[in-house]
Structures are given as structure tokens and as C-alpha cells.
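Structure below; questions to follow.
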Amino acid sequence: MIPRYARPDMVAVWSPETKFRIWFEIEAHACDALAELDVIPKDAAKTIWEKGGAATFDIERIDAIERETKHDVIAFLTHLSEIVGPDARFVHQGMTSSDVLDTCLNVQLTKASDILLADLDRLLDALKKRAFEHKDTITIGRSHGIHAEPTTFGVKLAQAYVEFQRCRDRLVAAREEIATCAISGAVGTFANIDPRVEEHIAEAMGLKAEPVSTQVIPRDRHAMYFATLAVIASSVERLATEIRHLQRTEVLEAEEFFSKGQKGSSAMPHKRNPVLTENLTGLARMVRSYAMPAMENVALWHERDISHSSVERYIGPDATITLDFALHRLTNVIENLLVYPERMQSNMDRLGGLVHSQRILLALTQVGVSREDAYRLVQRNAMKVWESYHVSGDAKVDFLEQLLADEEVRAALSEEEIRSRFDLGYHTKHADTIFKRVFG
Amino acid sequence: MIPRYARPDMVAVWSPETKFRIWFEIEAHACDALAELDVIPKDAAKTIWEKGGAATFDIERIDAIERETKHDVIAFLTHLSEIVGPDARFVHQGMTSSDVLDTCLNVQLTKASDILLADLDRLLDALKKRAFEHKDTITIGRSHGIHAEPTTFGVKLAQAYVEFQRCRDRLVAAREEIATCAISGAVGTFANIDPRVEEHIAEAMGLKAEPVSTQVIPRDRHAMYFATLAVIASSVERLATEIRHLQRTEVLEAEEFFSKGQKGSSAMPHKRNPVLTENLTGLARMVRSYAMPAMENVALWHERDISHSSVERYIGPDATITLDFALHRLTNVIENLLVYPERMQSNMDRLGGLVHSQRILLALTQVGVSREDAYRLVQRNAMKVWESYHVSGDAKVDFLEQLLADEEVRAALSEEEIRSRFDLGYHTKHADTIFKRVFG
Amino acid sequence: MIPRYARPDMVAVWSPETKFRIWFEIEAHACDALAELDVIPKDAAKTIWEKGGAATFDIERIDAIERETKHDVIAFLTHLSEIVGPDARFVHQGMTSSDVLDTCLNVQLTKASDILLADLDRLLDALKKRAFEHKDTITIGRSHGIHAEPTTFGVKLAQAYVEFQRCRDRLVAAREEIATCAISGAVGTFANIDPRVEEHIAEAMGLKAEPVSTQVIPRDRHAMYFATLAVIASSVERLATEIRHLQRTEVLEAEEFFSKGQKGSSAMPHKRNPVLTENLTGLARMVRSYAMPAMENVALWHERDISHSSVERYIGPDATITLDFALHRLTNVIENLLVYPERMQSNMDRLGGLVHSQRILLALTQVGVSREDAYRLVQRNAMKVWESYHVSGDAKVDFLEQLLADEEVRAALSEEEIRSRFDLGYHTKHADTIFKRVFG
Amino acid sequence: MIPRYARPDMVAVWSPETKFRIWFEIEAHACDALAELDVIPKDAAKTIWEKGGAATFDIERIDAIERETKHDVIAFLTHLSEIVGPDARFVHQGMTSSDVLDTCLNVQLTKASDILLADLDRLLDALKKRAFEHKDTITIGRSHGIHAEPTTFGVKLAQAYVEFQRCRDRLVAAREEIATCAISGAVGTFANIDPRVEEHIAEAMGLKAEPVSTQVIPRDRHAMYFATLAVIASSVERLATEIRHLQRTEVLEAEEFFSKGQKGSSAMPHKRNPVLTENLTGLARMVRSYAMPAMENVALWHERDISHSSVERYIGPDATITLDFALHRLTNVIENLLVYPERMQSNMDRLGGLVHSQRILLALTQVGVSREDAYRLVQRNAMKVWESYHVSGDAKVDFLEQLLADEEVRAALSEEEIRSRFDLGYHTKHADTIFKRVFG
């Protein structure tokens, strides 16, 4: 966990306090079930809930006991017995440490998912708001980094919106996969504990009982979870990369926010670096990388080995904390993104109308000019524009003017017909259709 | 594609024949929609279906044209016009190559998914059959590779069953994600084609229209798809690893099938190597590795760049063909797995009953022996058994006999009480519960 | 192996013909050594060399035998005996299949390395040539995609040159690591074969004897090899990405080559897509991904398992063939890269001289203007330039003119002093130093 | 960084104290060079060394300044000026933050390498010591987890020794690659600083000057570094996996150390889990995973973007701290490994001598028995042994006795000849050769 890339709510999910609170709840719910089954006294269960529920667990004390016993769950139970008193002897009956540890991890991942889902909701809100704001803001669409055909900035953001909506759906599925509970004993046979205890805890804690656990909850669930985070991170990278491109000096159609104050203070006004989205690109690499060890964790030996544990100590917090931070940062970037419609227009204009060459070609062939002639006509006008653009980055020659002045072109197409092919609305006429698909 | 790890049905999904057939269908469905919209004559659409539908596309001819035109879709359309005649001029109107290419890829991945789903169904059948066969076959459960508590071989297989059922559910979701269609033009704005064409093709081909495409279908869908295959491969690795462990000389509780003939011919009968499951372990590594480039493909530049294309030429076929082969091989391994219940029993017996030490300890404390004394009693008997096992791999001393002969133990527990703790049924009493959870 | 990303020399390394030729050489050299040790007759060794050396191995015949025997090495030896006659019984004495297979793989990887080294040499030549050609071609250096300070295009290429020189050094090391030979028997103990046979083969084939093999050559060597290819691929990606950036419409400082013919034929002259370098980006992702399974191959069980084998059937050919193709393609891109110095200049000019703001600030403080005042002076002039650039992508206001017209600035600095800070030579004065470091 | 997997020396490399000390040294050495070039007064350089060298930097104070300035290097320089006084104005002249940051990172990675090299040396010592101790300890060699031919435990360890020696060589190379220094300004052109400053700092700090930097040191160096750590981690995994196998209940030829005390206290003496080596397996997965983002960091945009920075904040500390811990833990495991030669022998014996079947087969054919007959003879005796082993895990029938009692066998081979084929020394006769190769 890198403090500068961590937000308190997600950090709290992974704190010892949270962990011990979850452990307590698992144990206390187990006591309820055991009491219900007449394995332990009902009063004991009640006392455990009351005293444990009211207590603040003393992390340092637990750590001290662990240093002695070299066992984290025993250390906690010892401390719990200090709080609960004699009835503590009814706690953890028939359970193994993994019952507590694995169920707790899944509760933590479920809590982490809820934070991430809220993050995605905020991001979706921001994208939707900015998408509608720029539904009709015309900008060039680019393939291969080269101007292709016009689109709108709102359509770009609508694309990001549906992409993150898919991310949200995937996370909902991953959360459901991971929200399981195992209270099944040393090799998962319920030899020492009634399966109904597991069922009770599952229901009480909003989980499902793991159909078959083998001391541990099977790690394909966790692999899927971290793979899902990795895919979400890849979508973060995509949107971040888009903004980095838009902010580069030669494009500058959008910029990460900077306050007026910031702007005013600089003697190098051109040096606004897209550092937030560059940072997001790096963070995405990290979240993505955690999928691989999570997948290698699946093939535990026989009923379990403990090789997964160290991996999860890293990637449990690191993947969720980093993605939470990244989604939050991306949301802020989107909410505050400076968008420059004038520059979008001027970037298109700098090519002197070449973006319309394809439509003119079509128009010529539609009125009966042969394909070869149409090509020749378009080309001789387009090349003049292009050559001037190519050298200077700013066409001094205008394609429309060229065409209007080309007698052979004019013989085939009227001024009206030519001008109509320079209508940007042709390209953006379905923006509403797209928005309806995306936002309903 | 490695021929030895490839099965014909899945190879066929990636053949040029399949690809061109899908291209044809996309184009022909587009003609239907265009005809319906009165953009092209209805007769033309009909002719295209009739002539194209009846034709066998000549791969060599298409390749020859591509060598000239350097463009695969144009080469195909040229060949199609040779087949269809003059009406071919109505084909591909307003469409871009990516409309065809990307929709085709998703159709191929959908077909691949169907094969993989059938593979999983066969694997699930095999696991279920063998699980019921061995529901009550007692075997030792192992944590850390060390004997823990007894379970049954059927429970082990039931675990694998639910794991692959989860894999199946994930693949169904991944298939649904990838089953989309994009017919939206150069930057996804439908500038030159009516969105209803896309909707028609989607419906006709069992796909959904991509809400926003940008010349290409967004690659987060593909990333999720290949990540899902990677997780499935990790589960393949897990089960393969289990069998490799079971087959090792010292364990030998199960073996990959070998025919009587094979067996008869060998002068080294101990040398039956689990080569199929070792192979599966390697294949799993490959399928897993393809998730990473698929995720890096997500962040295409602006409306699209073509960096994803080469990656998909590799991993499209390689991931699906390899996983299909692996699932098929794993199914055969499971169907024909030689299982040795006697050896399972003898492996447990070799520890002289030590597996029951925990229950004796509990029994002693339950009748009022102090924890310290109970420990001492169990330990002094257990250690004798262990020391003999440790050196020879075969306990010459029996734990039960030791206990029965230990006066201090007998003072606390009757012979009956001691013997009852050596009942294996105690551990397997919930096998039915587990089976009911898994198989209903 | 994807044919379109494969070149014949590297493909040949992985052909059955090459493999069987290497197998033959290993076996024949072994015979020499065995004859020298009087284990087999000297005449036999001679006959084997003569008959086998002259023969063309019949792949189909060998395949037919393998289908029967289910063993590739036995199939080859059977075919060899058909060629050599009775003396063939002296072939392979005391050896195991892995002796042949593993040594052969390393010979193939060594051959592959030699091709890759030659590729790198050609790439280095191309980079050096173009670097000197553009040693003094001034271009803007960019950090974060934003204009920073001027550099030269030659310095950019010199950077790529040293980077690929490092790649070359790494590959030389990786080649040396992989150039080993193991002829040590079933578990590497030389039980059935004299270690001198291994030493002879190693020397004869330009390899080193593996200090300890365990039936197989340890896979950390191969992991290092494929990790090295992965790093080289990452450098390919870097240079490819640079060119993709330079070719984008708004930058257009360089372009992948297109012939005059190509250019002449287009009616969309702006649509020159950097498809080669985009393709290289994708290929780099693939080569990089192969490092992961190669590393997972290291931890084989005990003296060996065969899980590595399927992985190597994929990545042996795929990684080397793909990287060979990528290096070759990149070399062609560099050799033929269209470089536009005028556009480099005009891109810089479009910011109206803002790139020099930092030097003016310094100049002011050096003549005694307070830091605050200097800031204010630079800023009020810079902002005018910037605002005009920001909207239009082309500063209508010139920073130098502004400064010369600003009385307060002129009170501190003479026209001469101001103009001198606009000298680009200030930034490129050490290009020669850098070139001397790189090219000697 | 996970505290439980971190050792203080390596943690110290990444502490703010170390970082600021390195920053100071870079700045102070730069002052020396600048003074030598008469850019700043010699007295100033002297004062800076004296006051800065004697000072303890106040981390909290620097953090407070950073919170204000939002710039780490400026915060440090401000604090330094508080310590040094007016001469501080000569610090950092002509330098950029990255000069300090990137050079510092490489100094840290170099220091980390030195610790890792010392770790490897300790591991090599341990392996060598234990290898010689068990040079002649006979144990079964296994391929595919199946008994193959005998080897010695010392040879196994000798294999690990050469493997880690290769790891050491690779790390030496990676350290050399990373030990560079860049003091070259905003885009690496030395516009504002003399290249001799860089050369002086490099020499003073035991680094090499980076031939071409571009504000940053090229990240292919770091990619190679982390890839090297990943390969080393894979070798850690291999040795850890070997020990996990050896410790499993059914094998138990070696065990992670446990103190007599530990042993004495247990009532479940069979439950000694190889938790340290399982943990190492997980840690290896983590270190391996960090190679991927390091490789993705290579393709920074143009002269630099800052996407690498967040990645390095994670993997710089995490990869080195984790690998340091893992190597240390592995060394302890090896130093204290409990090795059980008796069990090695008994494990072999349990197969009743079947391991020698191959040699008997050979002996029969060598005395003229036909291959078919030899097979039949060996097989009919081997199968009896095998069948008894197969069921019970302990052959009740002895292969040698069977052969001696088989008249047809005895007709071909004398008792002496048969017995001689059961000599284990045949397999281990070259252990000395192997040790000479490895240890010289």
C-alpha cells in the first residue's frame, strides 16, 4: 500500500480493526448457531455478542499475544476471552482458523467491491454529465492517430460511459462470486461442526455458503475477482490515454483541470502536463499485474496449501486500494476536464477541409463521373491542400475554395452540391440515436 | 496453433472458409436491411443470398487478389462479385472493413464459446459420474501435502465439479459479452449507414448491437473474454496438479489410464508417468498468458488503432484451440482415471492410526482429563507410532494398540470409547449433505 | 506461428528438417566420443557420419513410425537405422531421449539468437545512419506529450541506438546462457554414459556442457532467454510508439514510408496510417507475454516433469519468429522513415517562441530583476502568445516581438540580449558530445 | 511493503532518510563539479558538503514544505537551504528534478542489488555446505514424480547451487546495467549544465554516465532489472517446491527445521507443514509479477512521461524487499533442513528393488538373450513385485529374490551377475565429477 495512492475508506477495509471486527462477528454468529443447535448455552452466545460487540479490540495486545503464540487466530481468541470472560470457552468450537480467515477475506473483498461500485457510479455520473454537455460538440474522430471523420466529444464520452457500465456489471458478478462463507473444518467435511452453522453465518452476514470448501475457499473465485479488477484497470488506462492524447501540445482539445491561480502563476503557460492521467496509466499497469499471481494461486495442492496467503496479503489491499484511488482520480479528472471546442474546430480546420474529400468523391461518382475521373479531380485539389498542410501544420489552401474554382468539378457539381458535402451535421446526425442506446 | 494440441471443430472456427462464410453472411444480411430501407433493390439482396449462399469461396483466388490489392476485405468482395455478378455492386454499401472484421471475430469467439461450453458439459458429466462412483471412497485429506483428516474421493471430485460449474457460468457471461455486432462506419457515427442495418444484422445473427463502437468493437469485451479463459485454464491446472500428486510413486492413489496392453508390455511397471496432466499444466500456462496482451489491447488510441489485430491473430485461435484441447484431454483423463481405494486406505494405515490423535485428545479432555495431561498421554503414544513411521514410511507400531495398552489412558477412556474415535465414518458423515449442495 | 509475421530463415530453425539434422549431429558426435572411449567400433562411427550425413531424412516416414511407436526419438532412430544399416545399433547407446531433445532445443535457440543478433545489427546500422543524417535536425523535445526544450532528431535516434545496443548485449548474454548441452541420462548422473561423451558433443557443437542436468537442462536458462526477448520487444514497442506519435495528423514530423505511387493514387492524402508501427506494438505485446509461462516452467518437479514441453512448443517458435519479424520490420521502418524537418520547425514555431520563456526569465534575474518582477514580465507577454495559440493551434502573437515591445523588459535587457535567448543552438550545442558517447 | 516479509537493511534502502541522503550527495557532488568548472564558488561547494554532510534531514519538515509546494525536490532543497544558509543558492544549478530522482533510484537499486548479492552468497554457502554433507546420500531421482534412477541428495543440492550461481551472475549484470547516472536537463541535451558535471557525479558515486538520457534514464534498464529478479524468484520457487515435495507425508525425505521443543509439544507429530517453502512459493509469484509492469514502463512517450513513476513506487521497494526476504528465508530453510537418509533408503526399498529392472534387462540382452525373451523374463518378475507394491505402498515381494529364484533368468545370469546389477554405486559413481564441475 502506497499512502499517496490510498483513500481512507478502502484502507479501513484492510485495517486490523476491521479484520478483528469481522472475525468477532463470524465467531459470534457461529455461537448463535451452535446455541440454536444446543451445542453451547444460549446465554453464552448472548454474553459473547454483548461483551464482544461493545468492546474495542486492543490491536497491540493481540499482536503481543501473537508474538508469543505465533498464531493470529489464537491470539485474537485469547484477547476475546479477556473481554468476554468464562463464556469465551464456547467460542470457535469445532472451527478451524481458515474458517475465520477465509470468510473474513471474502467479507473484506465484498466491502471493497461496494466501495469500488460506488466509485464506478460516481465515474458514470461524471461521464454522463459531461457526455450530455458535449453531445453536439463536434470533434474529429481519429483512427491510427490520423484524422478520419468527425464525431462529437459527447459520443466519445458515451463510449467511455458504456465501457464503465460493463465494468460495473462485471464487478457486480465478481462481487457475487466472492461473497461466500466457509465454516467446514480441517478438510471441508464438517467433521466437527454442523453444516447448519455455516448456513447461519452465511445468511447473517449476507454471504452464500460455499458448496464445497476444503479448509479453504477455492481460489478460482479470487482469481476471477482480481482478473475483473485488471480488466477495469485496463479501461481506466484507455480513458486516461485518450486524455493524455487530447492534452498534448499539438492537439490540446482537452486538459486536466488547473485552477485559475495555477494558470496565472506560470511563466511557461504551455507546460500543463497531464500528470494525473499519466499516473493513472501507471496505476492501471499495477492493478493489471495482480491478476497473474491470483491465477497462479488457484492450483493449491490437495485440500490446501498456504502459498496463496502471502500473495493475498499483497494483492488484497494493493489491488483494491489502488483501483479505488484510480477510479476516484479519474472521476475528478472527468468532472473537471477542461474541454476546448474551439480548438477541436480549429484542429479540423487546419487541414483545410480535407476531411470532406471522401464525400466529394462519392458525390462525383453519384452524378455519373467515372471513378477514375472522380479520383483525379478530388486528388488534384486535395493534394494542393495537403502539401500546404504537410509542411506548416496549417493548410494555407482551402479545399472547398479549390473545388469551387475547379471548372471540371463545377461541370459536375453545383456550388450548392459541393457546399452541402462540407456539412458536419452529416456525420453527427445519429448522436441522438447513440445517446438513446447508451442512456435510454 | 500447434497441430498436436488442436481439435478439428475448433480449428474449423478459425479456418478461412469459416471466416469468409461469416463475412458473406454479414454482407448479405446488410443487403437485406438496405433493401428493406430502399437503399438497394430487393432483387439484388435476393440474388446475393442465392448466389453467394450456394457458392464455395475459392480461398486461393481470394489470396491471389489480396496479394494484389493488399486488402483482405476488398479481395473477398472482388471474389464475391465474380460469383454474384452485377448485383455485387450493392454489397458493402456504406460499410467499412472493420464492420465486417470485428463482427466476424465476435461471431468466431461466440462459436468457440459454444464448443468450450460443450467441452465443459462433458467434463462436468465425467466429474459427476466419477464423484458418485466414489462418494464413499475414503481417502486422506491433505493440507500442506501432509495428512490431515479423512474425506472421500467423491468429495474431492464434487469440489472439482462445482469449480468447473463456476467456470461454465463465467464462460456463459463472457460469451454474452462478446456476442456483439458493429456496423457503424469509420468512427462509429453511422454517417454512411443507417443504424437499423446494424440492428438487423445483430438480430439475424444472434448478436446484440454494440451500443457505441468506434470503427471497432471496444476491446474490454475481448479482454474479459480471454481473462475468463485464463481463469478456466487455472482450474484445469488445479485438477491436473491434483492427479499428478495422486499418481506419484509414493502416493499412487490414482493414475491416468493405460490399457492392459500397455501395462503388459513394460519391464518397468513402476514407470507410469502422469504425462497427460503434466501436459495440461503446461497448456494452462499458455492459456493464462494470453490474458495479458488481451488486456493491453484495451487502450487503443482514440477511435482505434490497429495494434490489437496482430495480438488477436495469435490469441484468438491459440487460446480457444488450446483450451478446447485441454478440456477435452482433461475429460478423458477423468473418465478413464484409475482409482485405487485400497491404496488410499493403505496410505492412511501406514501412519498407524495417527490421524485420529486429535479426536483422542478431545475425548480425554471431554471426560475431564486436564489439557496438559491429555496432551502428555496422546503425545507419548503418538510419538512411538510416528518415530517408527518416520524412518520406514510404515508405522510398525499401532496407535490404537498403544492407547489400549496405556493404563493411564484406559483409566480415563474405555476400550469402546477409544475404538469409537477411530471410526472413519465420523469424518465422512456429511458427504451426502455436500453432494446435495453440489448436485441437488 | 502466424505466416504473415514469419520470415523463412527463422521458420527454418524450427522446421522438422533442422530438428532431425541436429538430432543426427548429436547422435553422430556421441558415436565419435563412444568410439574414442572404445565403447563402440570406430568404423561404426565413421559409417554413421557418412551415411547419415549424406542422407535426407524423410519427414513423412518418421511421422509414420511415430504414429506407431508414439515416441519421436525412437521414430527418428528407426528411420536412421534404415539409412545407416546394421551399424545403427551403436547409435544412442546409454543416452535418453531428453539428452537429444534438450540439447537440440538449445541449439535451435542458439541459431535463433544468431538470426536475432544479425537483425539487431541491421537495426543498429539503420539507426546510426539516420541518426547522423539528422544529428542537427532541430525538433522539439517533449515531456508528458508537451513541448519542453529543443533537441535534435539525431539525438532521439541516438537514444534508440544505445537502447538497442543494450538489447544486443543482453541477447549475447542470453545466447551464452542457453548454449549448453546435456548428455547425462535419466536423472543426470551419467550412470549409463561417460561424462566425456557430453564434453565431446559440447565442444563439437559449440556448446558448453551443462554442469548439472537432471535428465533436462534447467529451465531458469530458458526463462532468462525469453525474459530477455521480452525486454527487447519492449524496446521495439518504445521506438514504434515514438513513430506513431510523430505521424499523427497534428504532429506529422515523420511518417512510415509510402511510395510516390501510393501517394499519387490517393484522394485522401491525409490518411497515411502508421500501420507498421501499430503492428509492431501488438507484436511486442505477444513477445512480452511469453516471458511469463517461461518463468513458470522453471519449477519443474524433482528431477523433471514434462509440463515445460508444451509451453516450449508454442513459445520457442512464436517468440523468436515474432521478434525476428518485428526487428526486421522496425529496421525497414527506420531505413525508409520519411522525416520532415520543416514541419518540426513549424510545430515549434506554432507556439510563437514560448519555448524560450524559461531562458528569458533567467536572463532577467541574471541582470538583477527580482524573481517576482521577472515572473510578472515574462508571464504577461507569454500569456498573450499562449492564449492565441491555445484556441487556434497557431500563435498569432510572437513572443519575441512582444518582449521587444515591452518597455519594462527592454529597460532590463537589450534587443541583442533578448534575441540571443532565442538561439536554438543553445539547446543543441552538446549533440556532438552525445554522439561521441554513443558512436565513439 | 508487507512488514512481515521485510528485513530492516532492505527497508532502509527505501526509507526517506536514505533517499534524502542520496539526493544530498548528488547535489553536493554537482556543486564540486560546478566549482571545478568555475560556475559556482569553491567555498560554497565546501560549505554545502560540510553543513549538509553533518546534518540530519528533518523528514517531517520536508513533508510540510512539500504539502505547500507540491514538489518533493523543491521541498528538499528548501530544507537544505535552511541548513546550509546563503550558499544554498548555488545548489541544483542547471539541474532538473529528474536528474536527482532518476539517479537516486538507480543508487537505491544498486544498493538493493548489493544486499541481494550478499543474500545469494549466503544461500550459496548454505547449499554448498549441505551439498558436500550429502554428496553420497543416496536418494531416488524422480521424473514425473515417479521413481526413476538413484542419485544423491548432494547432487540435487549441487544443481540448486549452480542454478543460484547463475542467478548471481545475472544479478551482477543487472546491477551493472542499472548503475547509471543522468544529469542532463529537461530533455537530455545538457542545455543548462555541462556534461562534465554528470561525469563527475557518476565517478564520485560509483556509477556510469548514461550515454543518452531524455530527462529520464531509459526504462529498458529497469525492465531488465526486474525481469532478472523475476527469474531469480522462479528459481526460489523451484527449490521451495522441491522441499515441499520432500516433506509430504508419503515422502518425508526432508523437512523444514523445527526445534526439539516444538516437536516435543505436539500431539499430532505427523502434522509438520512446510509452511516456509509454501510461503516462498507465494512470494515468488509476487516478485515474478512485477516484471510485467516494469516492461510496460519502457515505452514512455517521447522524451518522457511520468507513467513509470507510480509503478516504481510499488515495485522498487516491493520486488527488492520481498526477494531479499525470500532469499534469506530460503537460506535458513536450507541451513536447517532436516534430511532423512534412512527414509530416502526406505522409500526406495518400498518398491522392492524394481528400480533395477532396467539394468537386469540390459544384462540379459548383453549375455545374448533376445530382446523379447529378456522383456518377458524381467516383466514376469517385476509385475509380481509391482502388484504387491501397488496396493499396499510396500512391496511384500523382493525383485532380487524373484530373479534369483527364476530358473530361466539364472540360466542366463549367475547370482553374482544379478546381484551386481543391484549396486547403487553404479548410479552415483560420477557424483565426484559433478561436484568438481560445480565447486571446482
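A, B, C and D are the chain letters, set down in written order, and residue numbers restart from 1 in every chain.
Everything that follows uses one rule, which is that a contact is a pair of C-beta atoms (placed from the backbone, for glycine too) under 8 Å apart; a residue touches a chain by one contact, two chains touch by 3 or more.
Everything quoted here is computed from the prediction, not taken from an experiment.
Fewest steps needed to get from chain A to chain C, stepping only to touching chains, is 1.
Any chain that touches chain C and also touches chain D is listed here: A, B.
Taking A-D and B-D together, the chain pair joined by more C-beta contacts is B-D. Computed centre separation for the pair chain A/chain B is 26 angstrom, with centres defined by C-alpha atoms. Measuring from the averaged C-alpha position of chain A to that of chain D gives a distance of 34 Å.
The geometric centre of chain B is 33 Å away from that of chain D, both derived from CA atoms. For chain D, residues that reach two or more other chains under the stated contact definition are 142-145, 148, 244-245, 273, 275, 278, 288, 292, 296, 301, 305-306. Residues 141-145, 148-151, 155-156, 158-159, 162-163, 166-167, 170, 173, 177, 185-191, 195, 209, 211-212, 214-215, 218, 220-221, 223-224, 227-228, 230-231, 234-235, 237-238, 240-242, 245, 288, 291-292, 295-296, 298-306, 426-431, 433-434, 437-438 of chain D touch chain C in their complex. For chain B in complex with chain D, the residues that touch the partner chain are 142-148, 244-245, 247-252, 264-275, 278, 292, 296, 340, 342-343, 346-347, 350-351, 354-355, 357-358, 361, 374-375, 378-379, 382-383, 385-386, 389-394.
Chain A contributes residues 2, 4-5, 244, 273, 275, 278-279, 281-283, 285-286, 288-290, 292-293, 296-297, 301, 305-311, 313-315, 318 to its touches with chain D in the complex.
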